[in-house]
Structure formats: C-alpha cells, structure tokens
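I'd like to ask some things about the structure below.
When the chains are written out, they are named A, B and C in that same order, and each has its own residue count from 1.
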Amino acid sequence: MKILIAILARDLRLALRQGADSIMVVAFFIVTTTLFPFGVGPEANILARIASGVIWVSALLAAMLSLERVFQTDFEDGTLELLSLSPVPLELVVLGKVLAHWLTTGLPLIIAAPLMAVMLNMNSAGFGTLMLAMLVGTPALSLIGAIGAALILGARRGGVLVSLLVLPLYIPVLIFGAGAVEAALLGLPAGEHIQIMGAILLLTLALAPLAAARALRLAVE
Amino acid sequence: MVCVDWMIVFSGSDLTCRRGERLVFADLAFEAHPGDALMLRGRNGAGKSSLLRLMAGLSEPLTGTIFWQGENIRTDLPAHRARLQYLGHQDAVKPVLTVRDNLRLWASLRDVDNSDAAIDHALKALGILHLAKTSGRFLSSGQKRRTALARILIGESDLWLLDEPTVGLDRESCADLARIIDEFRAGGGIVVYSTHIDLDVAKPRSVDLDEFAMPMFDWLTTDDENHGITADTGDTRQSGANQGNAAGKTHKSRSTPSPDFTGIA
Amino acid sequence: MHRFAKPSVFLRLASAVMPWAVGITVLTLAVGLYLALVASPADYQQGDTVRIMYIHVPAAWMGLFCYVGMAICGAMSLIWKHPLADIAARATAPIGATFTALCLITGSLWGEPMWGTWWVWDARLTSMLILLFLYLGYMALVNAFDDPERGSKAGSALALVGVINVPIVKFSVDWWNTLHQPASVARMGGPSIDPSMLWPLFLIAIGFTGYYVIVLILRIRLELNERRIRALQLSGIGEDAPGSVQPVYNPEQAGAGE
C-alpha cells in the first residue's frame, strides 16, 4: 500500500509538473463532442437522441489519446527497467500508474461530461446516471488501456497502434455505458447496466495489471 | 549437480546469450566471492550489457544458469532483485523532479526507513549534496550520471551491476566511484562492472567477453546439423550432434584471442 | 542449443501430416461443395441464396477456431517459452483473419437479397466484425517491432487478452442488439436445419480445417526459413570483423586458431 501511494504520488507530481496533459485531454473531449453537431446538424431532437453515445465515444477517444504516455517516458529514460528490477511486484507499479492516469484523465472527463450533455441537449434525467456510469467505466478504460500501452513499448508507430489494439476491447464498456444513460433517459432502471460495468471493472482490475506487467517485462527484456 | 562452495556466492556457468537473432557469447562462466570486483571487457557488441542484464535477471540466458549461493537466481527473482542494484545506460532522472525527489522513489521502493538521511548520505558520497534541490533538467550529463550512481547507494544490497558507470564522469568523479566501490567491497559486496576506461579499483578480476564470442557461422553450422531443415533422418542428426561437439571443442580451444581481436578491444 | 526447440521434430511431423491434410482437404471440399451447390435442396424461403450459408457458417467457425488456436499458442509460448508456439500463433493470424473476412463478405452477399441491404448490425455479424478488428490489431502489433521475436511475444500476450475479451464482446453485442433491434430480423442458420444441409456444412468445415493445417505448415516453414536467412545474413555482417571465419566451415582450420 505504501508503495502504491509512493508510485501514485510520484506519477501525479510528474503529471502536474509536466502540466497540460489533463487539460489537453479535456479539451480534446470537448472539441470532439462539438464536432458532432456540425456533422449531424444542430437539430435539438437528434442531438438529444445521440448525446449519450457521442459523449461516451468522445470520452473513449480522449482516454485513449493519453494512453501512449503512461509507460512511454519511463521506458525511454530507463525508469521502467529499474522499476522492473525493484523488489516490489511490477503489478503493483502498474496499478499505481493506472490510478494516476485515471485521476489525471478519467476524473476530469467525468466532470466535463455533464457540461457537454447540456450542450447536446440531453434530458437532465440522465445526468446522474451518466456520471455514475463514467465513474465505473473510465477506470476500466484506463486499466484495459494500460495493457495496450505496455504492449506497444518499443514498437514503431506506437500511437496509432495502441488505438487499434485498445478500441475493440473498449466496446463492452461503451455498450453498457451508453446503454445505462439511455435506459435512464427512457425512465427505466439503469442498475443492471451499472452492475455489469462494475463486473467488467472488477475483472479488468484483476487481470489487466497482470497482463500489463507481463507486457512490461517483455519490453525491458 | 552444482558443487556448492559457499564462498563462491555469485557464479554462472555454460551461459549462452542471444540478442535479437544474433548470438552474442557462448559457454561463458564466471564466479565471484564476497568482496570481489568483476570487470567485464570486450569489444562493442561483445555482450557486456547483455551479461549484466542476465545477471540482473532481466533477460533469460539461452542456455546455462546463474547462481547465488548455489541457487538459480531465476527460481526466486524478487529475492534476487532485492539484493542487487543495477545501473543501466540510462540515468532515469526525471527532468521535472529535483535530485532528491528523483531518489525518493527508489528509497520508498526499497523500503528504506530514514529515506532523507539515506539520500543525504548517498549524495554526499558522490559530491552532489549541493544539487539536492536542483531539478533534473538543469543537470549536466555528468551530474545526472552521479545522481544515478547515488541511487545504488540507497538501501541495503549485496550485488552491484554497473553498466558503463564511468560514462560522462570526470576524473574526480571516477576516483569517487572507485572509492565507493572499494568501500562496498570491504563490506562484503560484489561488484560487476563494464568499462572502456580503466577505473582505479583494487585488484579486479577481469572477464574478457571476446574469449567467449562464438562466430555466428560456427553456431549456425552446428545448429544446422542438429536440427536441419533438409537433414531430418535420425542418422544425420546423430552425426550432426557429433559435429556440434567438435565445433564446441574447437571453439573452446581458441580461448586465447587472436591478435586481430585484441587490436579492436 | 534449442533455438527453435527442435524444429526438425516439427518438420518431420509436418511432412508426414502434409499429404493427409491435402488429401482430406481436397476430398471433403469437393464432396462438400457438390452436396452444397448441387445435391442439397434449395430453401423453401431463401431459395438458392441459402447455399451461401455453406461457406458462411464454416468460415465463421474457422474465424473463431483460429483465434482460440492463436490464444492457445500464445499461452504455450508464455508458459513454456516454446519458440514454435510463437511462430504458429503468428502464422495463424492471417488465416483466421481471412476466414473472418470471408464470413463477413458472404454474410453481406447473403444479406443483400434477404434483407435488402448489404450490411445489417446483426449481433453475429457485428461480433465477427469485432473479431476481425482483433485480428488486425494482433497482426499490426506483431509486425511493428524491429525484432520479430519481440513482436511475436507481445502478440501472444495480446491474443490471450483478446480471447478473454471475445466472450465479453459477444455477450455485450448480443445485449446491445436485443436492446436496439427486436429479433424480427431473419437469422442466418436458424436452429432447425435439415440433415441434408448439415452434411455439406460439416464436410466443408472439415475441408476448411484441412486447408488451415496446410497453410499453417507452409507458413511456419516459410517463417523458419526466413529466420535462417536472416541469421545467415547476420553472420555475413559478422564476417567483416577481423578474425572472421572461413566461408566454408572446417573444424580443423578453425581449430588451428589462425
């Protein structure tokens, strides 16, 4: 636990000092979401209909955008090698880094999401569910993304590659995340969706650090 | 199988290493007692870094085993990692963190009790205590190297694996490094290092990796005969194995490097 | 030195299996296609269009089968570090991707006369599409490294992650589909299939499997030879160094130490 906090604190500090990463992610999210009214027209009904999907897809892309950097700088400056040679389990290190990634990208997205929901004319009945679904869904995105980010270390064209690897794996989160909001908008209970997302989160929480740590060991081998 | 001389703490035998698809060295053996310094020599590409990475357990040898007190290091890698300190080519110094903050992570990962005191001690030993509050981006390459070296002083360890520790260091820093290494050895530690320039370390044992270089061609021919694509009847394999042995022997008999090799090193 | 963990054993096995695989493939595909295209009755609803199913369904099976096979190879490579497992996983991917693409194309061809549209977001078709994405991701990853071995290892890890994901994707796509589209759309290969249709289906599936085995063996052989060539080229570069070895290997001369 102490180690987890040490890694988390360091990564957070690095993110804050290097600055701008979280702001960029949120800016990307807002700009992408803004593109949709230009694409489908400003008609309020249509926008309200697609709002939950648009917000989720944009959040997915925004979360993915920052993935490449989760391990890349540490890989390049030799920190990753030393982390994998430290006596602490690498899975724990991965968990700390993913947590830092989520705090700097996932959390700001959750805060920005209702704003975009208002702009897309979404019924306010869905706001609570949207934020709850994102609260459960975005950590899973960071965890799954960490596997991709670890696998592409040392590869050519890492950034494009990571999206190709990770986006198909994001589909279940997208389906249930958008489904939960839609259910809430129709006045149906969204609990079931959230529960399934919770199950996905638990599964990724158990498996993703293992897979990512394995991939990191391959990268420094 | 292994004759356990308890004084030989760190040893390796029959090591073959492949990097990518290239054979780096073959049939390498080494041993080190407490207080020993092992100096790795060899041309560029002779496998100094590869050997250090094998010793650290980062990568796995193609054949052979590395032992710590008679036990294969790969059976308990976390324990091996806890006892070693590794210095790679890169310094792993974050530009946005101060020198002290850079080192703090490694202290917490090694569960050092009084991390500030330990960091102070390490910085003092390398003569960069005055830089403790400087952020990494303002350091010169030599200062970064010294920060990286300070890291290996933090926390208890029995084995130092230093890959080109002198790169970027000036003459005084090299002297500091030599002194630190000798202090560590006096406490029973084992140091393995690779270097191109002479580091003033007392009585190092030298391992010349050029002696274990196996020309790719030799290796390919032995392999061809053993597991050939065209030769796949049992008889050919048998004769192939013999030829493989023969090649191995001739290789070993060439242990004195030819004049051409030494010219490069 | 177990560079390829004795490929000679594999190669001997492969050359033993090869004629059988070719024979079975040709025979089952010939008989299966005859039954499917000529001998079997046309569907009372779908007419001759139903014959597309004889390609479509086995291709879908093969798409899944190859992915599972790839993941099993990936697991073997991670657990036992068997180099051939990596090569086999790598060789399987394009075959599986082709079968998956074949499944999608035939599904689309079938959909045009039946649904009046080339593409329907049907749960099964969508799942196959995602499977194709997983294949593409795997192939992109495997080929993105300068060291092919490193690429294969990363790919093996990805295949394992993917195979855990496949059922989750399937489940969530089914859920999504029932949510958005009531089950009014005609499904391909419904539950009640006449035995006269079942036979060609199985025969073609066996034929496809045989074809997979043939291509797999060919691709593994190719990969082994490629590695050999690369190794020879590498040693050629090494010969530039002083103290090099004679082009023709001769233990006596090498022993002389000159």
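In this section, a contact is a pair of C-beta atoms (placed from the backbone, for glycine too) under 8 Å apart; a residue touches a chain by one contact, two chains touch by 3 or more.
Just so it is clear, the model here is predicted, and its values are computed rather than measured.
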item	value
Chain-level touch network, classified as line, ring, star, complete or other	complete
Between the pairs A-B and B-C, the one where more C-beta pairs touch	B-C
Per Cα centroids, the chain farthest from chain C	B
Averaged-CA centre spacing for the pair chain C and chain A, given as whole angstrom	31
Separation of mean Cα positions, chain C and chain B [Å, integer]	42
Residues within chain B bordering two or more other chains	60
Junction residues of chain A, two or more chains touched	221
For the chain B and chain C complex, residues of the former touching the latter	16, 18, 20-22, 60, 62-63, 215-223, 226-229, 231-232, 237, 243, 246-247, 249-251, 253-254, 256-258, 260-261, 263-264
Residue ranges of chain A in contact with chain C within the complex	147, 151-152, 154-158, 161, 164-165, 167-169, 171-172, 175-176, 179, 196, 200, 203, 207, 211, 214-215, 218, 221
Sites on chain C touched by chain A in the complex	78, 130, 133-134, 136-137, 140-141, 144-146, 150-151, 153-154, 157-158, 160-162, 164-165, 168-169, 171-173, 175-176, 179
Of chain C, residues touching chain B in the complex	1-4, 6-8, 11-12, 15, 81, 147-149, 221, 224-225, 227-228, 230-232, 234-235, 238-239, 241-245, 249, 251, 254-255, 257-258
Touching residues (chain side chain B, partner chain A) in the complex	56-60, 78-79, 81-82, 84, 86, 88-94, 96-97, 101, 104-106, 108-111, 151
